[in-house]
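Right, one structure below, let's go through it.
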Amino acid sequence: MENIGRRLFLGAASLAGSALLAVPRRLFAQAPPSSAGPADPTLIEDLVAANRILADQGVVDGYGHVSVRHGANPARYLLSRSLAPELVTAGDVMEYDLDSTPVDPRGRTGYLERFIHGEIYKVRPDVMAIVHSHSPSVIPFGVTGVALRPLYHMSAFLAGGVPVFDIRAESGEMTDMLVRTPALGRALARTLGSRNVVLMRGHGSVATAASLPHVVFRGVYTEVNARLQAQAMALSSNVTYLDPEEARKAEAAVGGTVSRPWELWKRKAMGK
Amino acid sequence: MENIGRRLFLGAASLAGSALLAVPRRLFAQAPPSSAGPADPTLIEDLVAANRILADQGVVDGYGHVSVRHGANPARYLLSRSLAPELVTAGDVMEYDLDSTPVDPRGRTGYLERFIHGEIYKVRPDVMAIVHSHSPSVIPFGVTGVALRPLYHMSAFLAGGVPVFDIRAESGEMTDMLVRTPALGRALARTLGSRNVVLMRGHGSVATAASLPHVVFRGVYTEVNARLQAQAMALSSNVTYLDPEEARKAEAAVGGTVSRPWELWKRKAMGK
Amino acid sequence: MENIGRRLFLGAASLAGSALLAVPRRLFAQAPPSSAGPADPTLIEDLVAANRILADQGVVDGYGHVSVRHGANPARYLLSRSLAPELVTAGDVMEYDLDSTPVDPRGRTGYLERFIHGEIYKVRPDVMAIVHSHSPSVIPFGVTGVALRPLYHMSAFLAGGVPVFDIRAESGEMTDMLVRTPALGRALARTLGSRNVVLMRGHGSVATAASLPHVVFRGVYTEVNARLQAQAMALSSNVTYLDPEEARKAEAAVGGTVSRPWELWKRKAMGK
Amino acid sequence: MENIGRRLFLGAASLAGSALLAVPRRLFAQAPPSSAGPADPTLIEDLVAANRILADQGVVDGYGHVSVRHGANPARYLLSRSLAPELVTAGDVMEYDLDSTPVDPRGRTGYLERFIHGEIYKVRPDVMAIVHSHSPSVIPFGVTGVALRPLYHMSAFLAGGVPVFDIRAESGEMTDMLVRTPALGRALARTLGSRNVVLMRGHGSVATAASLPHVVFRGVYTEVNARLQAQAMALSSNVTYLDPEEARKAEAAVGGTVSRPWELWKRKAMGK
């Protein structure tokens, strides 16, 4: 479906083989990007685990994807080929540049919405890992304009606001709801701004963080917070959310403990 | 319970055996229909998988059924004998004509409501597969008249409207709620019209599609959309649904990715 | 804890051994009741399956119990010793008379609330099996006075009304909420009257039926109906329930298909 | 992260080794506390089971902890090292004094919030076991001020009131929401007072009891009651809770049956 990367690669290879001197500049611009080299096997293992955990914890179903920045080059990121997250193995991981062009697709099809990842990595050097999901309890917040807010310390990372990306307003037209172009990816990254999480109206959400364990943690507790917030709002119109300073302190404290659930989740998801 | 087909078959066989020339026309009209021949084993395998997936995903419980049009003859369809979907194997699959008369029942009892399938196949040549279920989150919509509407791209196929079939209004009498006659099947097909999904008041729903993976997808995401729509409506009276044009585009885009969850669901359901 | 039955049995045995002629009438009245003989192994197997299924389907947790009338004598019933239903095996099944006195306790402790079973069997000869549970979604109906009503054909057996037993009103005093005496059992049976299901305020519910598969079916779909009715009421104040005549017809029709889920449930619960 | 106990231990050991006579009093005050001796292996086994059960029953996820008072010395308690409860084994159990100083940490990191346990044990001699969790359905009650009240006999232990600990009000400042100091632990114990359960605003809850099976029971049914109470309140503004006398009697009666679910839960959780 999306073998553009591969086609370009073969094209470039044959051009290289014929040693032409006058290749038009534009063609070289479309050549496959160079690789940052083999990724740390531990990072790949964690990326596979992140995929499985997100499925096991109900954040993703047959759809959704998680990426991580390449350890050796911040201008490259790693993301599975188009596949249900629960089925991802190390061999499915592809390398992309920040324009979301695959380095060496070898016939593998990428996710249509890989631009979510590349465009956020471009403008957020602090972000090292990204989850896109249709996490169920979050969907109703995206279509009602009810603000998602942290009601306990586990979701303190939601403080600072959770904006909603409305693809219709941003693109100025009726779309198929998918972030399938660099321009849409840039618009989404703009809406995200400096926050950790952005909702997508009629679609899903994106969580960002400084590592794979942290981004998985944020994916899981964004879902939990959405469920609990809806329950709290049903109980009472008077819900006390974390104060911004409480949230800032709690995020720092809880952030230091993420390895605890990560080890549990990994063992459960990989033991299947 | 419903061995009418078998009785007729044996009757016809013995009549044929005695080589009568003057068999009344009406008797032949009731003879078992001819077979379209053995179905493609891959189609049978997918039908078995569809049954198991729908159970695994919580769309059906001990009740509900899924059918597919015979690949060799659009006037025949395949449907399990009366059995809980989770227990269906290839040997349970029966062939029916569009009057829902079994070709070769061999003593197997058919579902009471097989007419749902036959009557829809008659008037909807585009429909190749049908799911009938009591999918839980959908039931409340059928009994309240609250319109089921697509709130995200995964359920874009709900755009165009989800009508409610009220068996009392359609039949003009108090029934046992079951679509147990050709006439009731025809009435249900009329209410469905050209849409993809129809709700049945006090009973369940029916999803239709152009293939087994697509109809399973629609069964699953009709349930998910119902759950999320109820949550969104509880959060706010101001829910933004997909615009019809967004839905049309999203359905086309998402429809092209159905093999992704299908492969996952199949592996999970058949691995049990 | 409740070895009264055993103590009485041993007492009676020694009295019999000493061949006294002038044993006071009252003592004989308290002697262990006679056995109806060994129960049909299939009935015991079904009773064990019913216990496991109710746990597997979420109707019971560590608490709750299910009984069946003895096949050879309608004045005897079978019920596990005091044990979590999921752990019940054939060896745990005890025989009781309708006063809920064990025939041969052999040191086994009975459920405190066995009188629920005995007292209903006494006044409802049509009832052959009884489930008592704390089925979760049903509890809120018992404490709010909101009537549980059948919103689809699967729960048509709820038509005719689901009364609420308030142990405080019936006993005229503050109790520990348990039906731990014959008098409380009789009061519960009176509230049940000729219906199929009765709720117990601040406690749980009781379902009755003409067989083990049917009573398990009613336990399961009482829970499902409660969950779906609550969702429907949250969606709209205008819920259409089954008309009494629809319910009567649906119950007859669906009642004939109970072996379908029963076989599925049994295979799932016993395969664990 | 928190190897203070260990550092002090090594310090004290070397001081002891050099047999100094004039060790300043303050240093001895900080020396590791003495051990109450090896704990009963059955108690350790039950503590491990309690950890696993709470995870299996959905009361804890990667976070939360459960402790028990040491059988040989009421001034010591047992608690796992900092670890997800589902992963706890006997070797992870550490011994603490009531100031929550570990007796023999051997490099193991303790939970940041161990002071919850120590400070409650100090002022509540009747409490022998404590659960701290983020039990999901309970969170909305802690942030809305809606009183958690027993709506059925299984949660009768909630009668007498469930206070809410607001760490901001108690500490007079913005915190990271964690009970990470003795002073905060004392404040929490004060809010708990003589009750069985206390909620923590924006955080979680604490259940206390006279044994591990009872505290696990309370953890489980606090969660169930919260879920059912929210459902009841959604159904009607007129919910009948247990009368205080009913609750007192029900608690005594149900309390005597806790071994029934405990055996079930243990078998399920440890069989994994």
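All chains are identified by letter, namely A, B, C and D, in their written order; residue positions are counted from 1 within each chain.
The definition used in the following text is that contacts are C-beta pairs under 8 Å (C-beta built on N, C-alpha and C of every residue); 3 or more make two chains touch, one makes a residue touch a chain.
This structure is a prediction, so every number in the text was calculated from the model and none was measured.
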Touching both chain A and chain D: give me those chains, sorted by label.
none
Over half of interface residue numbers shared between chain C and chain D means same, under half means different, so which is it?
different
What angle, rounded to the nearest 5°, describes the rotation that places the Cα atoms of chain A on chain B?
90
From the C-alpha centre of chain C to that of chain D, how far is it in Å?
37
Could you grab the centroid distance between chain A and chain C? Build each centroid from C-alpha atoms only and quote it in angstrom.
52
Where chain B touches two or more other chains at once, by residue number:
234
The chain pairs that touch are A-B, A-D, B-C, C-D
Taking the touch rule as given, give the residues of chain B at its contact with chain C in the complex, in rising order.
1, 61-63, 82-84, 86-87, 112, 134, 136-137, 139-146, 168, 174-178, 180, 201-204, 230, 233-234
Residues of chain A defined as touching chain D within the complex:
151-154, 156, 224, 227-228, 231-232, 234-236, 238-243, 245-246, 249-250, 252-254, 256-257, 260-265, 267-268
